[in-house]
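This is the structure I have questions about; it appears just below.
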C-alpha cells in the first residue's frame, strides 16, 4: 500500500495563517483534508496553491462571477484527475461533486467514462475540452473554442475550464508523486442523504 | 446521458432456463443486474457468457479450486475494467469487490490507480500482470511469469488472472459499445455496514 | 522460439463430449487446431468458449441468421487479431478467411493494413468499427453507429461486429499469454487451389 | 499564425501591485514577458501564479534554499515544456537557461532530446524523473526516488523537481490553450555574448 | 480497395539505365516488382533509392561484408515494415525472407509478433533493436548497444540493423502514402517447394 | 553528454569523390557539417544518401522543378525531425530554414509546435500532412490528399512533402542511433543579420 512519502508537519509547527485556515476547514468539514497538511511543509507553496485554488474554484472569494456552476467545476476536476490517475483528487473532488450536484452516482460515472455520465450536452462539451487541455493542450485549435461557443459558453468560461484543468493537473502530479492518500471520509460523502437534524 | 442502445427483452419472453436464472439472481440480490437482461436478447450468447463467467469466477461450480480468493478475482475485474473505461463493470464489480474484501475503499482505489491501493505485494503483482494482459498481451514474456512465481503464484493461478482479464475484456467491450449502464443499486453496495436484522 | 507454456492434455484424458467434438474437427480439417487442445485442460472453459464461438461464428447452429457473411466474420477476426498481435488467430483465421472469400491475398492485406485491402466500402466501415471496439471501446459513440447504418448495416449486424471483436479479443489474449502457436497447416490453407479429385 | 486568443489588458488598468511588479520586470529585462500581461486579466490568478512561481524558482525569496541550481531548475522547465509542446515556455525558459548555465547550445538540446544534451549524469536523472512526472505521474514508484538518491539528490530536491514540473505543466497548458506567444526578444537571449559596456 | 495514386510510367519512357535494370529484374524474378516502376517516375530518386538499397541489402555489390545473413536482413525489413503497417514491404520482403531462410512460416510470424517467431535469441535481440530504431530512435541508449554486444553483434552489425530499419522506414512511408500495392506473385513465393526441373 | 558512437574517418582516407564534395561544402559553409563525415565511413551509403538528398532538396540539380519553396522544404525537415526527436536535423536544418525564409524565429516555432508558427495556411496543411507521413503513414487516405489540393498543392508537391519526410525519417534514425551531434556553428546561424561587407 502506498503511503505519503513526505511526513505531515504538526499543526503546532505551522505559521499562524496556515494553522488558522486549516482549523477553519476542520471545523467546517469535520476533518482536515490531507492536501492541507501535505503541502503545509512548504508554507509559501501552500499559500500560492490555495490562493490559486480559491481564485478558480471559489471565484466569489476574489470578486469574480463564473459562468460555470460549482458542480461543473468539480466535474472538470474529477474527470481530468481520473485521466491523470490521481487517487486523491478523484476521491476528494468526486465527493464534493456528489454534494454540489446532489447526484450520488455522477462522480463514479465521470471518473470511469464521462461519455456515459448523466450530464447535459453542454457539460459533455466542457469535459471533452477539459480532457484535451489535460492530454493534448498543444493541439487546441479554434475549432475547440467554436465547439464550446456552440453550447453558449464564452471565452471567460473557456478560460475557467482550461485553468481548472491546468491547476488540477498540477495538483494531480503533486499528489501522485508524493504519495498523498485521500482521507477515508471522502469515499462515502454525498453518497447517502444526510440524516436530518 | 448514455442509455442502452439495445432495449431489454421482457422476462416473459425469455427461454425458461434464462428466466429461471434471472429470477434466482433477483431473489438473491434484490434486483436484476442489467447484464442479465442486456445479453438475454441473444440466448445462446447469454448462456455461453454466463457459463464462461461461472467457470472463471465461481470455480467451485465447475469442480475446480482456484488459488485466487474471491476478492482477488474481483480486484482483477475492477482494475482492468477501469483500464478499459467500462462504467458497468467498474461499478458492478467494484461493489462485489467491496463486499468480498470487506474493504469499502478498495474498489475506488484500484479503479483509479492500483499502485495506490491498499493491497498486498502479491496482489499488486497480480494486477500488474492483469493490466499487461489487458493492454499488451502480445508482449507477455517469461519474465512476466517469473515475477508472479516469485510471489508464490503458480501457472494455474496465472491462467486464472489472464483468463479473468480476457473474459472481462470481452464483457467491457460489450457493455461499452451497447451502452449498458450499471444499476443504481451497485454504486452504494459494500460502502456501509449492512443494517443488522 | 515461443512454445506453449501449458502442455496439452492427451485426448484420452478428456471428457467424452470434448473428445468427440475434437475428433469431429480432426476428421473434417485433417488436423486438430491447437486451440481445441490448449483450452481442453479446463473443460468448463472449453465448453463455454466454443459455445460462445459457435453462437457468433456459426449463427445457424443456434437458429440465428446474421447479416454478415461468413467471410466478413473472419475478416473481422483477422483484422482485430492482428491489431492485438495474436499470431495464432491471425494465421488460423486468415486461413479460413482465404477459403471463405476465395481470395488468397485478402488475409495478408487485412492483417497488415485493412485500409489497403481489396474489400468493399461496407467492409471497410465494418473493420473500422471493429478496430474501434478492439482499441477504444469506451469511445464508441452514436456517430459510429450512424457510419455503419449508412452502409446498410443494422443494429443486429453491429452487435455481431462488436461481439465477434470482443470474443476474439478474449481469444487473442488467451493465445498470446499462453504461448499457443498456430498449427503449421494453417499457413498455406487457401493460398493455392485445391487439387481436383 | 497563432496569436493570443485573449487580448492583454492595458498597464494603466491593472491593480497597483501588479503594475508595479510588471514595471520592475520591464526595467530589469528591457521588455515585458507576455506571461505577465496575459495572466493580468485575472489579478487573483496572476498573484497566485507568480507567488507559486517565485516559491519554486526563486526559493531565496521565500527563505528557502534549494539543492538544485538555478540552471537546473530552468533545464527542468525547458525539457518538460517541450514535452508538452508549449512554445512560450520553451522559448522563454530556454533563454533563461542559456543565460544561467552560460551554455548557448543547451536549451535547444534539452528541448529536442535531453538524452543528447551536454549535461551531467545527475542532471540526466533529474530530467528523466521530471519527464515521468510530466507524462506519467501516476506511475511514479519508489524506484524512481531511489534512482535520484543514487545521484545524491534528497527528498527535498525531488519535491523541487516534481513541483517545478507540475507548476510548469499548468503554465504550459495555460499558454498553449490561450495562444500566448513568446516575445521575440527571448529567441536570441543567451546565444551570443553580451556586448561589453 | 486501395490502388496506386501515381500511375506507373511506361518502360519505353524510362532512361536507359533504369530500363535495363528493370528488365534484368524481370528476367530474374519473372515479373517486375511494383517498387521498380512506382519510383521510376522520378529517375534521380529511383537511382538513389536502389543504390542505397543495394549498399545495405547486397553489401557484396559495394565490396562490403556484413555480419548479418541475407535472411536476417530480410527479417529486419519484414518486422519493421509490419510495425509501420506497410503492406507492400511486408508482402514483398516476407516472400524474400521465406526464400532466403527456407522457412515458409517465418515471415508471417515476424510480421504479426516477432516474440512468437521461430528465431534465435540473437535474432530476437536484433529485431528488438530494429523495432526501437523504428519506433523510438530518439531513445536509443548505450544499454541497447550492450544488449546486442552480448549476442556477439559488433558496432558494424548494429549500424547494419539500424540503417536497414531506417532505409525501409523511408520505403514504407513512400509505399503507404503513394498506394503502392504488392505484386500478387509475392504472396505465395517461398511458401511451397519449387517444382523440380 | 552524448557523443558519436562511430568515429569519423580522416578526410585523407576518403575516396576522392567524397573528399572533393566535402571540401566544397567546407569551402562554402566554413565548416564541415558532421553528417558528411559521419556517413563517409561507408562510401556507398554516403553516395546514395547525398544523391537522394539532392534529388529531393536541390531538385534543380536533377533537372526537376518543385512546387515547394526551398524554405518550405526545410520547414518540413525541421518539423518532422523534431517529431522524431533528432537533435542533429532540428539544429542543422533549423539553421538552413532560418536562412532561406529570413525568419529568425521560425525554426524554433515549428520545432516546438508547428500550430503556433508564423506560417501560411498552405504551409500549415503541408506540415500537418508531413507529420502524418512521419507518424502514421499507414493511415494516409484520400482525404489527406484532398486537404492539400484545397490549398493548391498538386500530386507532385504531395510526393515532395512525403518523400522529404520519409528521407529525413531515415536521416533522423541514423543520426539518433549513431549519436551524431550537430556542429556548434548551426545553433546561431540565421538568428542575427549577417554583418555587411
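All chains are identified by letter, namely A, B, C, D, E and F, in their written order; residue positions are counted from 1 within each chain.
Everything that follows uses one rule, which is that a contact is a pair of C-beta atoms (placed from the backbone, for glycine too) under 8 Å apart; a residue touches a chain by one contact, two chains touch by 3 or more.
Quantities reported herein were computed from a predicted structural model and do not represent experimental measurements.
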A correct list of chains touching both subunit B and subunit C reads A, E
Greatest centre-to-centre gap (Cα means) from subunit D is with chain C
When each of A-B, C-F or E-F is compared with B-C, the one sharing over half of the residue-numbered contact pairs turns out to be E-F
Cα centre of subunit C to Cα centre of subunit E, whole Å, reads 29
Distance in whole angstrom between the CA centres of subunit A and subunit D is 24
Expressed in whole Å, how far the mean CA point of subunit A lies from that of subunit E is 52
Where subunit E touches two or more other chains at once, the residues are 85-86, 113, 115, 138-139, 176
Contact graph of the chains (line, ring, star, complete, other): other
Each pair of chains that touches is included here, namely A-B, A-C, A-D, A-F, B-C, B-D, B-E, C-E, C-F, D-E, D-F, E-F
Per the touch rule, the subunit F residues reaching subunit D in their complex are 1-2, 82, 85-87, 90-91, 104-105, 108-109, 111-113, 115-119, 176, 179, 181, 184, 187-188, 191-192
Counting only contacts in the complex, subunit E reaches subunit D at residues 138-139, 141
Contacts from subunit A onto subunit D in the complex sit at residues 5-6, 42-45, 47-49, 51-52, 54-56, 62-64, 84-86, 133-134, 137-140, 145, 155, 158-159, 162-163, 165-167, 169-174, 176-178
Interface with subunit B, subunit E side, in the complex: residues 113, 115
